[in-house]
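Chain nomenclature is as follows: A, B, C, D and E, assigned in order of appearance, with residue numbering initiated at 1 for each chain independently.
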Amino acid sequence: MFFAQSRGAMDISTILGIIFGFGLVISAMGQGGGLTWFFNVPSAMIVVGGTIGAVFINYPLSDILGVAKVAKNVFFQQELKTETAIRMLIDMSKIARRDGILALENKLEEIKDPFFTKGVMLMIDGVEPAALSRILNTELEYVAERHRMGAEIFMTMGNFAPAMGMMGTLIGLVKMLMQMDDPSSIGPAMAVALLTTFYGVILANLIFLPIAGKLKTRSAAELTVKQLIIHGILSVQSGDNPRILEEKLHSFVSPDERKSTF
Amino acid sequence: MFFAQSRGAMDISTILGIIFGFGLVISAMGQGGGLTWFFNVPSAMIVVGGTIGAVFINYPLSDILGVAKVAKNVFFQQELKTETAIRMLIDMSKIARRDGILALENKLEEIKDPFFTKGVMLMIDGVEPAALSRILNTELEYVAERHRMGAEIFMTMGNFAPAMGMMGTLIGLVKMLMQMDDPSSIGPAMAVALLTTFYGVILANLIFLPIAGKLKTRSAAELTVKQLIIHGILSVQSGDNPRILEEKLHSFVSPDERKSTF
Amino acid sequence: MFFAQSRGAMDISTILGIIFGFGLVISAMGQGGGLTWFFNVPSAMIVVGGTIGAVFINYPLSDILGVAKVAKNVFFQQELKTETAIRMLIDMSKIARRDGILALENKLEEIKDPFFTKGVMLMIDGVEPAALSRILNTELEYVAERHRMGAEIFMTMGNFAPAMGMMGTLIGLVKMLMQMDDPSSIGPAMAVALLTTFYGVILANLIFLPIAGKLKTRSAAELTVKQLIIHGILSVQSGDNPRILEEKLHSFVSPDERKSTF
Amino acid sequence: MFFAQSRGAMDISTILGIIFGFGLVISAMGQGGGLTWFFNVPSAMIVVGGTIGAVFINYPLSDILGVAKVAKNVFFQQELKTETAIRMLIDMSKIARRDGILALENKLEEIKDPFFTKGVMLMIDGVEPAALSRILNTELEYVAERHRMGAEIFMTMGNFAPAMGMMGTLIGLVKMLMQMDDPSSIGPAMAVALLTTFYGVILANLIFLPIAGKLKTRSAAELTVKQLIIHGILSVQSGDNPRILEEKLHSFVSPDERKSTF
Amino acid sequence: MFFAQSRGAMDISTILGIIFGFGLVISAMGQGGGLTWFFNVPSAMIVVGGTIGAVFINYPLSDILGVAKVAKNVFFQQELKTETAIRMLIDMSKIARRDGILALENKLEEIKDPFFTKGVMLMIDGVEPAALSRILNTELEYVAERHRMGAEIFMTMGNFAPAMGMMGTLIGLVKMLMQMDDPSSIGPAMAVALLTTFYGVILANLIFLPIAGKLKTRSAAELTVKQLIIHGILSVQSGDNPRILEEKLHSFVSPDERKSTF
C-alpha cells in the first residue's frame, strides 16, 4: 500500500528535458518548412549502427544486455523514497519489540522493494547479523557495479556517436566530390553529408551523455536508500529503540528533509 | 550590526568581469553598424533550450532547483568574513567566561549568519560538545555537497552549450544547402547558421564555465568560515581563554590577514 | 572434457559489433555505386603505416609483440568460466578429502587452463601454501601487467590513427592546391585527400578504441577467474569442507549467477 | 653581500623563449611585407578583454591581484639558491655553537630572503622549536597555495583565450556574410575575422600556458629552498654539528650539485 | 667484457618506427612528383622555433638541458639487461663468500654501468648497509625525477607543436586573404599556409609524443634494473647464499624470462 504510488512515478526532469530539448530542436528544424530534409534513414543507420557496432566490440554481451535493466532508472523515479523506508523501518522496530521479529511476516507484503523484502526475510529466517550484513552488502556491491557499468556504456556511446557522425559525413563528402558534374546537386548532397554529423551531435548531447549523467546521480540515490535499509534492518534485529533508530537513519537524509515522527 | 555592511555586498570581480567581457563583445558586435544582426530569437532558443533540456535529462529536478540557492554566491560576496567571525567568537568567549554560556542569548540577534546562529543556539541549549560537533559537521557536509553539485551543473552546462551551438549551426547549414537557388541569400543564411555556434561559445566561456569556477572558490571560502565557526563554538563551550581561542582560529587565516586584538 | 566447448568459443558481441558496424559503413559507402572510390592503397598505407610507426617509436619491441598474445581475447570468450572452475574445485576438494591430494593427478588432464594446471601441479608437488600463493600471485601480476599494456597500446593506436589521417589529408590538400590548373580534377583530388581522415576515424573508432575497451573488461574477468582459482586451490590444499569452499568461491560471482550444487 | 648577485637575476630560459618564439612569429608575419595587417586593436581587445572578463568572473578579486606577486617568478631566477642557503646555514651553525644563538643577530643583515630572515629572527627571539616549525610551515603552506592559485589562473587564461579568439572570428564572419555586396572586400574582411583566432592561439600557447608551466616548476624549486631553510634553522637551533647539518641539507640537493665545504 | 655488446645497442623498435613512419609519409609526399612542395624553411622555423620558444618559457634552463641526457634512451637499448645484472650479482655473491668483499675489486672493471659500479665501490669501501641503501635510493629518486621531467618536456612539445602549426597557418591565411588580386596564386598560397599545420601534426605525432611514450617505458625498465642492483648489492653484502640471492632477484623478472643458473 505504502509504495503503490511512488513506484513507477515518472522522472519529471527527464520528461521536461526531453520535451524542452527535442521540442526546440524539432521546431527549429521545421521552421520555414523543410522538416523532412532532416530525416534520412541511411544517415541515421550509419550513426546509430556504427555506435552500436563500436559498443558491441567494446563490451561483453552480458554487460550490454544489463544496460536495459539500468536504463529504466532514467525515466522512473527511484521506487523507494528515504522517508518511506524510514517510516517502514520504525514501524517494524515497534512491531519487533512488541511481538517479536517473526511478527514482521505480516509486514512483508507491504514492501514492494525486492532488496528490502530480501533483507526482512533474512531477518525473519533468523540469519545472524554478521551474515545478514555480508549478504546484503555483497548484493549492494553488485548493484553498484551494474549501475557504474550502465553509466559507463552510455558515456562510451556518447563518445562514439560524434565520431560515427563525422565518418558518415566523410563518406558523403567523398561521394559528392567524386561526382561534381551537376553543380545544382552539390548543395543538397552536402546537406545530406552533414546530416550524420548532426545526428551524432544530437545523439551524444541530448541522449547518451545526459542519460549517463542521470544514471550516475540516480545510482548514488538508490545506493543511499539501500545502505539506509541495511542499517535499519540490523538496528531492528538488534532490538534498538525506535527513537534511536530514527536518529541513526536520519544521518542518511539531508537536514532539510528530515521529518521526525516523534 | 556587525554584518549589516558585509552582508549582500556585491562581488566586485564578477561585476567587473561582466562589464569588461560583455562590454567589449557587444561593442565589437556593434562596431560598423549591424548590432541587430547578432540577435536572433530562434537561434538563442535552440542553444539555451537545448542546453537546459540536456541538463534536465542529466540531473534530478531537486538538484537543478538547488542551483538557484547556490548561484547567488557568484554575485554576492561571502556574507560573513573570517575576521568578523573571529572577533564575534572572542567576544562570546569573554562573555561566556564572565557571565556563563546562557548570557550569550543577547548576542544572538547580532549574528546574521544562520549557520552561526544555529551553532550558538545549540550551545545555549546545552547540547553536548560531541553532539554539537556532529550536528554542525553534518550540516557542513550537506552544504559542501550542494555547492559541489552547483558548480558541477554549471560545468555541465558549459560543456553542453557549444555542442548545442554546433547542432544549431548544422540545422542552419542543411537548410541553406537545400535551397541554394538565390545566391544572394547564401551569405545571410550562413551568418544566421553561425549565430548558434557564437551563442554556444559565449554562453560557455563568458557565463557557465566562469560561474562554475567562481562557485568552486567561493564554496571553499564559505566552508572555511563554517569550519572556523565550529572550532570557535566548541572552544567557547569548553571555556577556552580568549587569547588561545584567537590563536586557534588564526590557523584558518592567511598570515598576512591576521589581526590580533590583544 | 569439461572445457572442450567453452574453450575457443567466439566472443559473440565482438562478432555482432563487427558485422553491424562494418556492414552498415560498407553498405553506406556502396549505396548509389562507387564503393571503389573508398579504396585507395597509398592513403591506407599512410594511416596504417604512420600509426604503426608511431607505436613502434612509442613502445619497446617486446611490448608490441606481446600485444598479439593479448589481442586474441577480443575475439574469443574467456576460456574458463567461473561456474566451471567452481565445479572443478569442488570435485577436487571431495577427491582430496577422500583419497588425498596426490589423487588429483587423474584430474589434471581434465583441466585445459594452463594457470589452473600449474596451480594444481604445485599443490600435488607439495609446495607449501605460502609459496604456492606467492608463485601464483606473482604470475597473476605479470598477466595483469601484460593485459594493461595490451589495452594501453590499442588506446595509443586509437589516439594516433586520426592524427595520421589528418596528416595524410594535409598532404593531399597541399598537392591539390599546388596544381589547380584543371578545375575538374579538384573534386576527386579533394575526395582522395579526405580518405585518409576517413580511414583514421574508422580505424580509431571501429577498431582500436573498442578493442582497447574490450581488452580492459576481458582482463578484469580473466583476473577474477584466476583469483578464484588461487583461493580455491589454497582451500583444497587446506582440506576445507566442499560446502565451505563453494561459499567462499561464490563471493567471486554475482548473486544472480550463483548455482549451488548442494 | 652573499645574495647581491643572485637576487634579481633574470630567468635566462624565459628570455630566450620570448626572443625565439616571438622573434620567429613576428619575422614570419613581416616576411614579404604586410606586418601591419596583423595589428588590429578591436580584435586584440575582444580576445584580451574577453579573457580578462572571464577570469574576473571566474576568480575572486583577491586571487587575481595576488597573481602579480607570483608572476614575477617567471622572469626572475629564484632569489636564493640552495647552495647559498646551505653555506649560510653552516656558517650560522658554527657561530651558534661558538658564540651562542644571540650572536646570529650580526648575520641578519646578510640575509636578503624575507622567509629566511623571519626564521632566524624567531630563533634569536628564543621561540621554541615546535612553535618555530609550526609558524614557518604554516607560512610555507600559504606560499604554496598562492603559487598554486597563480599557476591555475594562468592555465585558466590559456583555456579561455582560444575560445575568445573563436568568438571574435564568429563575430567577424557574421558581419562579413551579412554584407557580401563587394566581392573584393570579402578577402580582407575574412582576414580580419581570423585575426582574433590568431591572437587567441598566440596568447594561449606563447604566453599563458608556458607561464603557467614555469610557475609550477619555479614554485616547486622555491618551496624546496624554504623547506631546506626550515630544516636548517631547526638544526642550528638544536646545536647540531655543522658536518651533520650539511649532510642533512644535502638530501634537498641533487647528487650532482652537492658541494661539500668540509 | 660482459656488457660490451649490450651497451650501445640501438633500440630496434625506434628505428623500425622511424623507417616505417617517415618512409611512408615521405613516399606519400613524393608520389606523383612535387616532394619539394613540402619543404619550406620559414614554415618549419615557425613551428620548430615557436615550440622551442614555448618550451623555454615553460621550463627552467637546467631542466631543458637535462633532456639531452635522457633522450638518448629513445635510440639506445637499456645498457644493462636484468639477466646480465643477475648473473653478475650471483658471481659477486660467490666471490664475496669465498674470498671476502674486498676481492670484488677485480670485478669492478667488468661493470660498465656507473650506478652498479658506484654501488659495488661503496660496498668495498665498507659503507654500512643502511647508509649504502640510502645513498643508492636517493640517486635512484633523482634519476627517476630526471626521467619524468624528460618525458614531460617531450609531452609538452607534443602539445605545443600543433598549436604553433595552426598559428603559422593563420598567418599564411591572413596574408593570402589580404592580397587576392591574382586568383592563380590563391592555391599555392593556401598550400604553403597549410604546411605549418602539417609540420605541427608530424612533429607531435611522429616525434614528440612517441618519444615521450618511449621515455616513460624505458624509464620504468631502467629503474627496475637499478632497484634490482640495490637489492642485489645489499644481499651480497649480507653474505646471502647465491641460490637465495637468485630467488630474490627473480621477483624483478617476468616468469617467462627467468633463467636459473642452478
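Just so we're on the same page, contacts are C-beta pairs under 8 Å (C-beta built on N, C-alpha and C of every residue); 3 or more make two chains touch, one makes a residue touch a chain.
Treat the numbers as computed from the prediction; the structure is a model and nothing was measured.
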{"item": "Minimum number of chain-to-chain contact steps, chain B to chain C", "value": "2"}
{"item": "Interface sides of chain B and chain D: same vs different residues, half threshold", "value": "different"}
{"item": "Approximate Å spacing (C-alpha centroids) for the pair chain A, chain E", "value": "46"}
{"item": "Intercentroid distance (Cα basis), chain C paired with chain A, Å", "value": "29"}
{"item": "Residues within chain D bordering two or more other chains", "value": "none"}
{"item": "Graph class of chain-chain contacts, one of line, ring, star, complete, other", "value": "ring"}
{"item": "Sequence of chains encountered when the ring is traversed from chain D in the direction of chain E", "value": "D, E, C, A, B"}
{"item": "Residue ranges of chain D touching chain B (in the complex, touch as defined)", "value": "42, 45-46, 49-50, 52-61, 63-64, 138-139, 142, 156, 160, 163-164, 166-168, 170-171, 173-180"}
{"item": "For the chain A and chain B complex, residues of the former touching the latter", "value": "11-14, 16-25, 28-29, 31-32, 34, 37-38, 74, 187-188, 190-191, 194-195, 197-198, 201-202, 204-207, 209-211, 213-214, 217-218, 221, 251, 254-256"}
